[in-house]
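In the two assemblies presented below, chain A is common to both, partnered first by chain B and then by chain C.
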Partner chain A sequence: MTYGTVTPAVVAELRAIVGGKSVWIDEERLEAYTHDETSSDEYAHAPDVVVLPTTTEHVAAIVKLANRERIPITPRGAGSGLSGGAIPVFGGILISLERMDKLVELDLDNMTITAQAGMVTNDLAHTVAEHGLFFAGYPMSVETCQIGGNIAENAGGGKAVKYGVTGRYVMGLELVTPTGEVVWLGGKLAKDVSGYDLKQLVIGSEGTLGIVTQAIIKLTAYPKAASDLLVLFDSPRAAIDLVPRMLRQGIVPTGIEFMDRLSFQTSCQYLNETLPYQDAGAMLLIEVDGNDPAAVEADLLAIGDLCEKHGALEVYVAEDRNAVERVWSVRRNIAEAFKVERPVQSLEDIVVPVASIPDVIPELERLGAAYGMQIPCYGHAGDGNLHATLVKDPAMDHATWLRNKDACLRELYRFVQGLGGKISGEHGIGLKRKAYLGDVTNPVEIDLMRAIKRAWDPLNVMNPGKIFALDAGP
Partner chain B sequence: MHIVVPIKQVPETSNVKMDPVTGTMIRAGVGTVVNPLDLFAIETAVRLKEAHGGRITTLTMGPRGADKALREAMAMGCDDGVLVSDRAFAGSDSWATSYTLSQAIRKLGEFDLIVAGERATDGDTGQVGPGIAAWLDLPLATYVAAIPRVEPARGLTVERLVEEGYQVLDLPLPALITVVKEVAAPRLPTLRGKKRAKAAEITLFTAADLDLEPSYLGLKGSPTKVVKVATPRVTRGGTLVRAPDEDAVADAVEALLAFLDARDLLPTGGRA
Partner chain C sequence: MTYGTVTPAVVAELRAIVGGKSVWIDEERLEAYTHDETSSDEYAHAPDVVVLPTTTEHVAAIVKLANRERIPITPRGAGSGLSGGAIPVFGGILISLERMDKLVELDLDNMTITAQAGMVTNDLAHTVAEHGLFFAGYPMSVETCQIGGNIAENAGGGKAVKYGVTGRYVMGLELVTPTGEVVWLGGKLAKDVSGYDLKQLVIGSEGTLGIVTQAIIKLTAYPKAASDLLVLFDSPRAAIDLVPRMLRQGIVPTGIEFMDRLSFQTSCQYLNETLPYQDAGAMLLIEVDGNDPAAVEADLLAIGDLCEKHGALEVYVAEDRNAVERVWSVRRNIAEAFKVERPVQSLEDIVVPVASIPDVIPELERLGAAYGMQIPCYGHAGDGNLHATLVKDPAMDHATWLRNKDACLRELYRFVQGLGGKISGEHGIGLKRKAYLGDVTNPVEIDLMRAIKRAWDPLNVMNPGKIFALDAGP
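Now for the complex of A and B:
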């Protein structure tokens, strides 16, 4: 497969489409677009040109041009992705949606917000909160991510146990197809079986089936009360065993977050947090929300009682905003804290049936010992999605690390497959996990995906090189 | 020891909106929290109790719903909660508040120590703690960062955080101290503490329960009058030096240095 190159004539044409100030070719500016939140050493690749459209028409015209010249396109949101999905592996044109950040419509009667794809999700959440409304599919990377990126990855987050992930709240989306056509999929409809559900196909397709330019997001009433329990256990097993038990109680927490000792110690030290965590082997962070503060309190107490009954070392309560922020910051800062302590790592995103979570922890310990690395584990225990993180021992040389990481991941992924799990719950396959998807996926399923990709993107220009190889075989 | 901890319930957001007419805060629709700086006072009292025994009474002046703040303090380890609440107290400034609280504390009977936060994050005056000390004629140490010596019923030694460093003071008891963040990191309430606090009875003091001079109360008794609320304009001046190409960089650096030098912002000796 050979792609066309970005010639001066192509750059001139791009400038004619979006204006000269929105087309960048200088190396310093391109650098920021060579990587996402995955390791730049391993995955970074520079685009030939970055284009910053402001309208859907701009995007469509760029895509048409790319098809004509057979130039690869990589769509990009905030670049906060964790799978290398926004990295332009074949160079070409990088389309950053960052300037398409406008609120299109807030429809209070239908409880929807329509926004351009580049709107920062945090801004969207603040906008609707002023009207007492709530975007429940809001993921964890609170300050940076954009709604378009959330849709491309079908992002999850800390509230997924109760509210599910981004896809549940996308009622409709405007798509620029890989060939440059513009189409609306879905709409402000609670039900819709008029043909295939192409909207859901696009959600989570990691920018390989087109570029989402606008989306209609379903809103709900903002929960009036939310409180958290931070529960200390002596072992990961004790903490994790409690999760299925808790869910059987009939109370659906907003989130159940798990942190093993290495994770919370690193984060607490990074934050100068003074909680008496030294004796604990694992923590659960459990959130309950709702419209009736008394009911939320009753749920919180019931869950707390259950934890105490099943061997919790201590149950802490966080009810006001400051305390809630304090306990969540321990959870949210784990990845950041590890980056400071041990920058070379592989952040994983495995997902297993909830009841299988207790089996994962000892396997991680075994793999860590076998491959000479630490594997701290934290994540969304309530929905079986764990961010086990392979962390390089500074004493290990880089070649051994790469070899051991690869072997360790293959073993881990097969183990996860054996439990009926998948290798990514919310971060996506992208570039980072592409080499592994085939190991743990039925070839029939991969072929179906290839057939879809070929039908939608005959010239393979839309975010090529992601998820799976287009041609079977070596 | 009997320790008294006066606390305040404040709006939970830092983005408070002001009523342009009355000059007071718009509290409707905003959630409340225990004044974050009071958590350090609560923690200090609980640690003193853990080390020396005794009991802690926390009190607050506010609307009836302010018992929520008291219960949170009790979940952290305070034993008793007293809510000072009456329409007559509405609109109190720091003078009227410290008067009313001091009369409520008198009614509590004997005590050894009052521990207050440095200031409230909403009013930001830092006057109520010292005000109570004045009304009750108590020795006072503000900005306490450490309490290296405690002799129950006799006295304590405190280290005050002052601009030049620490000032060490001996105080006889009873006394009042206000504490800064450095004194002790506050604990989170535990489930056990919360349940105990939830079941606890809160003592209510209304105006009728206290020995009060009516002309000292509420908005009418407050000498502070808000005349005007204004948002200061940021008037930071600056200059932009452009260096369109490599050749212009040296001149641009010169221009920046001259700018800093003219404002005495370069290290001693200027641009030597």
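Now for the complex of A and C:
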């Protein structure tokens, strides 16, 4: 199979669709679209052309053209992805949704917001906050990421223990299919079994089953009370051991975030922030929310007591929003901090049953020692979703690092599989984990995925080269 | 395309797979498997053979045999379905899951239960209740229905306003694919984006994409407090008008159930029950739950005040569980009561955006008058999911009834489509609504469904004839 090329005639046709100012072919401008937040050295690849549509009709016309010429398409949101999903590995046409950032409708009666896919998640959050509402599925990269990208990756976030992830809040979406048809899936409906749940299939399919152009998001009334607990421990193990114990109490916190020392110290350094407790071995940041301040208080006290009984060094109740926001900012910026401070690394996204997370920490320590690397760890402990990060020792040569990283990941992923876990909880498979998915997945499951991909995208033009290889299948 | 037939050799092979006592071909025994809870007169069809496997391996072997001989398979749970999904329209092999009713694992650390698909939902509920846990996605037919059927239909229930439907609680499932392969999808994971969400695609696919043989169900701590409000109105419109108003308050009730007079009177008659308030024009049954009794009380008071301010005749706070259980029993038995007391009828399952439900009642009144039939209505008002029931006037001849029912449904469904709604919220399309789905669905969406069905079930043996016709597609 060979793809068609982006000829001057194709570029002219793209210009006719979206206008000349929305089609870029100069190398300088293309550069920004060669990578996402994964390592540029390992994964970057340039598109032949970047197109910036503003309407669904533009997107559909571009996709139809790409099918006619068999040119690969890569859809892209903010480029804040962590698995290489927006990288145009086969060149071709990159469709950036960044100019499709309009609010379509705020429906207060049904408590929904409809937006174009390129709307920045924070803009959406601010728009609805004015009405006392919030989008509970927001991810950690809320300041830059876009709704369409959140949907493509089924992004998680810091409130998933209580509120779940993006997919729970997507009531409907407008999809441009891989062959360029336009269809709305779902609607403003609390339930719907009128045929297959195609909407949920598209969510998390990383742009391989079409391009989401608009979405209807379910909003929730802002909880009237919220409070945070910061709990310090002498070691990561002591912190993580408490998580399943906490969840068994019947209290459902909004989120339980975990950071080990290297993770929060790296983020503090990056932010030029000083926290009074930054020498602790590990910390948990626990949020509780609800409509009744007394109930929130009671839950926090119960959690605090439990922590003190089971090995916590200190329990701080955050007194003001400002102090809390500083700690959350440290937590949110860890990934970015490692990228800047320790650029040669691999940010992982394993997820295991919550009761099994205490087993993960000793294994990470063992793997770090075995492969000569540091493996700091942080993440959404309450979801069993840990961002272990393999960090290259500056003394290690690059070839050894690449070999050790690969071997270490294979061991880690098999260990996770043995616990009943998966290799990605919220970042996706994309390009970064594609070579590993088959190792830890029943081939029957991969074949079922491939069958859908082939049936919807017979020419394999829609974000090809992501999640699995098509040609290796039956 | 013609299907193969169930020859004596096929029956012998089935007996070799599951044992002679688990394969039935005598007409008397087959009769019970010819219909579900839809009208037998209109939809019943006999299978050629009923097989009662007890293991996943049995199911897989039967499906492989069916593929080899191209014999249609119809999977069946309790037969409590309301859209004809379990009716073997093309004869062939009916696989009843009724003997696959075992508890596989109760995992208190992860708060999950794993069960075979044939476990009765009530048995599952009782098992976990002993540990203070509950399955929040339970449907109204909880006393008879089975977990596998709940999953096949993505069943709703009386708690969906707060807790959502079955699909939210299915963490993992074991599937025998349409070609007889066995695969586990999902797991005990709070989040997972390791490839397409095939688990969610299977949920609600009405047995057309394979047979669910086991499932991992997420459990929730039993709320420590729950209370109900029974609110009487002089008309259905007055009751329904209050529902979106209530939801806009920011209080999230567990459920808001609606019954008009004919619905609850028919159920009372069937149950030989007398309620003191059964002459009201309509009623809402509102449940609130939570961990804090004072907060539950406060929410109920706020809802009661709102009802009194906006047209309620009477507001009763249920004083004891026994009184509450009597009203819930009336609500749960309406469908069965209509089936017995008014057997010639069509139970509908429309779902609309919550803010639009007040528009539905006048339209039902108009359609009833136009087509000479009563259309009583009840259902999950808080989800926008109403069980309007077209009831034949005894004076109308049968041919006119069938013609009028068809014309009335087409009008109703188009009206619902115009509101942004769908024709089934929780009962499914199955056989009963198959002829109508195309009327109110974008052909692109149906083609995407068909493409998946063809890709997974190339011989079309897995519950064929449900949801859509395959041959009419591209």
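The criterion applied here is as follows: the second predicted complex is superposed on the first by the 459 of 474 C-alpha atoms of A that agree within 3 Å, B and C clash if a C-alpha of one lies under 4 Å from a C-alpha of the other, contacts with A are read in each partner's own complex, and residues count from 1 in each chain.
Basically, a residue touches a chain if its C-beta (ideal position, glycine included) is under 8 Å from a C-beta of that chain, and two chains touch if they have at least 3 such contacts.
Bear in mind the structure is a predicted one, so any value in this text is a computation, not a measurement.
*Asks:* Now for A:Gly304: first (chain B), second (chain C), both, or neither, which partner does it touch?
*Replies:* The answer is first: A:Gly304 touches chain B but not chain C.
*Asks:* Give the label of whichever partner, chain B or chain C, reaches more residues of chain A.
*Replies:* C
*Asks:* So in the superposed three-chain picture, is A:Glu314 touching just chain B, just chain C, both, or none of them (first/second/both/neither)?
*Replies:* first
*Asks:* On the A-aligned overlay, A:Thr2 touches which partner chain: chain B = first, chain C = second, or both, or neither?
*Replies:* neither
*Asks:* What is the contact status of A:Gln278 with respect to chain B (first) and chain C (second): first, second, both, or neither?
*Replies:* neither
*Asks:* Now for A:Ala323: first (chain B), second (chain C), both, or neither, which partner does it touch?
*Replies:* Touch partner of A:Ala323: chain B, not chain C.
*Asks:* Please work out whether A:Leu229 is in contact with chain B alone, chain C alone, both, or neither, and reply first, second, both or neither.
*Replies:* So A:Leu229 only meets chain B here.
*Asks:* Given the complex with chain A, which residues does chain B contribute to the contact?
*Replies:* Where chain B meets chain A, its residues are 12-13, 31-34, 36, 72, 75, 185, 187-195.
*Asks:* Under the touch definition given earlier, write down the residues of chain A that touch chain B in their complex.
*Replies:* Listed in rising order, the residues are 229-230, 274-275, 301, 304-305, 307-308, 314-323, 326-327.
*Asks:* How about chain C: which of its residues touch chain A in the complex?
*Replies:* Going by the criterion above, the answer is residues 107-111, 132, 153-154, 156, 160-161, 164-165, 167-168, 177, 181-185, 187-198, 200-201, 203-206, 209, 221, 244, 247-248, 250, 252, 291-292, 294-295, 351-355, 380, 382-385, 420-429, 433, 437, 441-442, 444-446, 448-449, 451-452, 454-456, 467-468.
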